[in-house]
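Naming follows writing order (A, B and C), and every chain is counted from residue 1.
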Amino acid sequence: MSAGPLLEVEAISKRFRGLQAVDSVSFGVPEGRILALIGPNGAGKTTIFNMIAGVFQPDAGHIQFAGRDVTRLRPHRICEAGVARTFQLVKPFGALGVLENVMVGALRRAPSLAAARADAEQLLARFGLAEKAQAPAASLTLPERKRLEIARALATRPRLLLLDEVMSGLRPLEIDAMVAVFRDLVRGTGLTILLTEHVMRAVMALSDRVVVVHHGQKIAEGAPAEVARDARVLECYLGRQRAEAPA
Amino acid sequence: MRRGSRLALGALVAVLLALPLLASNYIISVMVLVLFAAYLGQAWNIMMGYVGLLSIGHALYAGLGGYTAAALFVHWGLTPWIGMLAGMAVASLAGGAIGALGFRFGVTGVYFALLTIAFAEFTRILFDHFGWVGASSGLFLPVKSATVLDLVNLRGPPAMFYYLMLALVVAALVLSRALIRGRIGYYWQAIREDQDAAEALGIDAFRCKLAAVALSAAMTAAAGAIQAFYYNNLYPGSVFAIGNSVELMSAPIVGGLGTLGGPILGALLLTVLGEVMTALASVVHLDGIKQWCYGAVLLAIVVLRPGGLWPWLMERLGIAEGGSRP
Amino acid sequence: MLSLNILVQGLLTGAIYGLMALGLSVIFGVIRVVNFAHGEMMVAGMYVAIVLNSRWGVDPLLALPVVAVLLFVTGYLLQRGLINRLIDRPHYNQFLVLLAVSILFTSSTLMIFGPDARNAQVPYAFDSYELGSLVVDKVRVLAAAGALVGVAALWAFFALTRTGKSIRACADNQLGAQVIGLDVKRLYAVTFGLGCACVGAAGCLLLLFVDVQPYLASDYTLLAFIIVILGGLGSMPGALIGGILVGVSEALAGFFIDPSLKSMFSFGLLILVLLARPEGLLGRAA
């Protein structure tokens, strides 16, 4: 295992036309762990996410992945480095088949088309999509599309997986199933996960560590249970009066 | 493939190969037109059908190919085979430049289409003033007897051009099939469906798109060079005209974007339709009737069968094809 | 002073270009469809005016309301009957449909009127106004005035009438408009009709000093695109400013450089604008 955290975010900031979306946020994700980034809407979580994924460049600060500076890298280079991501609004390759979707991801690492196909088939089986392999991706239901998106991202054999509100729109049973899959992946393959989430059920069940962001700034960090009791966190979610009321 | 289809395919191949020996000069020349249209359609199909990049200025590449090969032949006696390669290089650079500029500045969709039109028109007017290639008066190739077969200088009867274009169409078919089933084919389609998602999977969209444009341009230029030696004259106004770009796109659209057989079927249908209309026009004496029918067919297909006629035909015949559909 | 004359001429022509481009801009701004048949509709309108002029000696300025109404109806029906069906289709499909429509328009005018150029006869065709050293053709002044009236009328429609405001609501937020009960399909059809009416009106004004032939159309479609992109797709003031800019630069380029190169200049400008700022000077992002 490497000396420092697998992903190190150092004082990154981003300004959009007069609005300071992210203000000097720092945190680290150790390898083989799951870190959740939470905060109210508009807190800047997705912007942080997108900066790590290479969609935007931070105005200031650095991002290190596996000891390498990835701050200025474009999305495809970030993936090459070993980071995969899913999108909040799922983006399947609609006209391609389900298997073909995952193959696109697998081709990154696979030496041949046949190898990519084999990898893709394995992943489909793991995510319960094997029967739909030949169906066009556009025909899948939302939960299926989410699973496809994750399978496709995993096909690139990442060391770090970024999950952007992957639980939204899922029913409790589906959420639990998803949580189980991620736990297995992390335990079995040493995958590291950074997720942003609104669904607290999933955050509590899954994460080793939680970072809370509000108005673009980090206001708390710690184990899930600690953070849930933190007064500042309660204040930002529930408002001042509620936070001061006896627990 | 089923046994019946194999026999049919075999028969088709035999007919195609024997055609110049059996048919009249008129039929051969119509077939040459079909093959030009089919090949150009295949070249355009790579950009639009596979990657989803709409180019309405493809006449630019055909024109560059034609003018390069023709000018080198007329001024320096260079064989058109080398001239063709030179033309392909020029067109490839032009396409690369347009693509690089467009993609670098994030010009997409309809805006990109307008960009391609602008470059083609710009070049048209530029060539109107380009003395070395005859400017607006045109460039003419010396024509010797049409029965002398001079393959090196591409001088010969229509049958020679027929076999040449037949070979090119087959080559384009093989190439397209290999590309779409290979790694780059998957990347291209991924980019077409959702570029952001594709980049998140490690695909260098800029490079892949650029490759598509450069390849499509080079292929188009090759046909442009051969056309120059077939028609023996070039005018900027006719070679780079937007009408050519539109005509070039019509075959793959009518036939089926993103399919292997689409451009060929479309070329056949539209050329035959064109000839029927020309015959009709000579009887009816109505300027523009040919275009009207052309426009009507195009409209009908694009509205009613946006996927083109090839997929519909394949369904009817019960054949599944491993192509891609945007 | 020759260059001042050229400048003024460019300004006057530019006003008409502005009206023409306005139609395209409005259609795109509201319906998000790129009307590639724009120039063709203008030419069709011009031919109607030609018929009225040659048969009954009607001045194109008087024919304008007739042409505008005719093209409004045509546009309305086209949108209602055809384009509404294609709203959810990919952009290239819509583009190609309108391309096919443009081919039909051009070939129809070719079939009916033949390929020769035609012009409208007006009694004051050779009159001019003089202001010091400035000499301007009466026809150009009237045409420009007509264009400005047209632009003002359209602006007033969108700013002051109920339908106009409803259309602007649709443009801003289609789903929201539907939720509050606006008949989006009808409003789209009205918008398309208006866009076509604009371009028909512009055609009648152009007819005062330009000859028409069927192939004129594609030049003007491309010109309209250049203007609209320069000024910004979806921006009304942008279309007018863009029109004037292009009118002036064309006139100056035609005078100082070779006249046949002036289109090249316009296309070069289009390329630059597409690369640098596709949303144009005043437009909204596509």
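Note that in this section contacts are C-beta pairs under 8 Å (C-beta built on N, C-alpha and C of every residue); 3 or more make two chains touch, one makes a residue touch a chain.
Predicted model, so just to flag it, every value in this text is computed and none were measured.
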Q: Please find the two chains that have the most C-beta pairs touching each other.
A: B-C
Q: Please find which chain has its CA centre nearest to the centre of all protein CA atoms in view.
A: B
(Q) On a C-alpha centroid basis, what's the spacing between chain A and chain B, in Å? (A) 45
Q: Could you put a whole-Å number on the gap between the CA centroids of chain B and chain C?
A: 33
Q: State, to the nearest whole Å, the distance from the C-alpha centre of chain A to the C-alpha centre of chain C.
A: 49
Q. So which stretches of chain B touch two or more other chains?
A. 326
Q. Inside the complex, what are the residues of chain B that reach chain A?
A. 181-183, 186-187, 189-190, 192-194, 196-205, 324-326
Q) Hey, which residues of chain C end up touching chain B in the complex? A) 34, 82, 85-86, 89-93, 95-97, 99-104, 106-111, 114-115, 214, 218, 222, 225, 229, 258, 260-261, 263-264, 267-268, 270-271, 274-276, 278, 286
Q) In the complex formed with chain B, which residues of chain A make contact? A) 53, 55, 74-76, 79-80, 84-85, 87, 91-96, 100, 103-105, 107-108, 113, 152-153, 155-156
Q: Flag every residue of chain B that touches chain C in the complex, lowest number first.
A: 48, 52, 54, 101-102, 105, 107, 109-111, 113-115, 117-119, 121-122, 125-126, 128-129, 242, 246, 249, 253, 286-292, 294-296, 298-299, 302-303, 306, 326
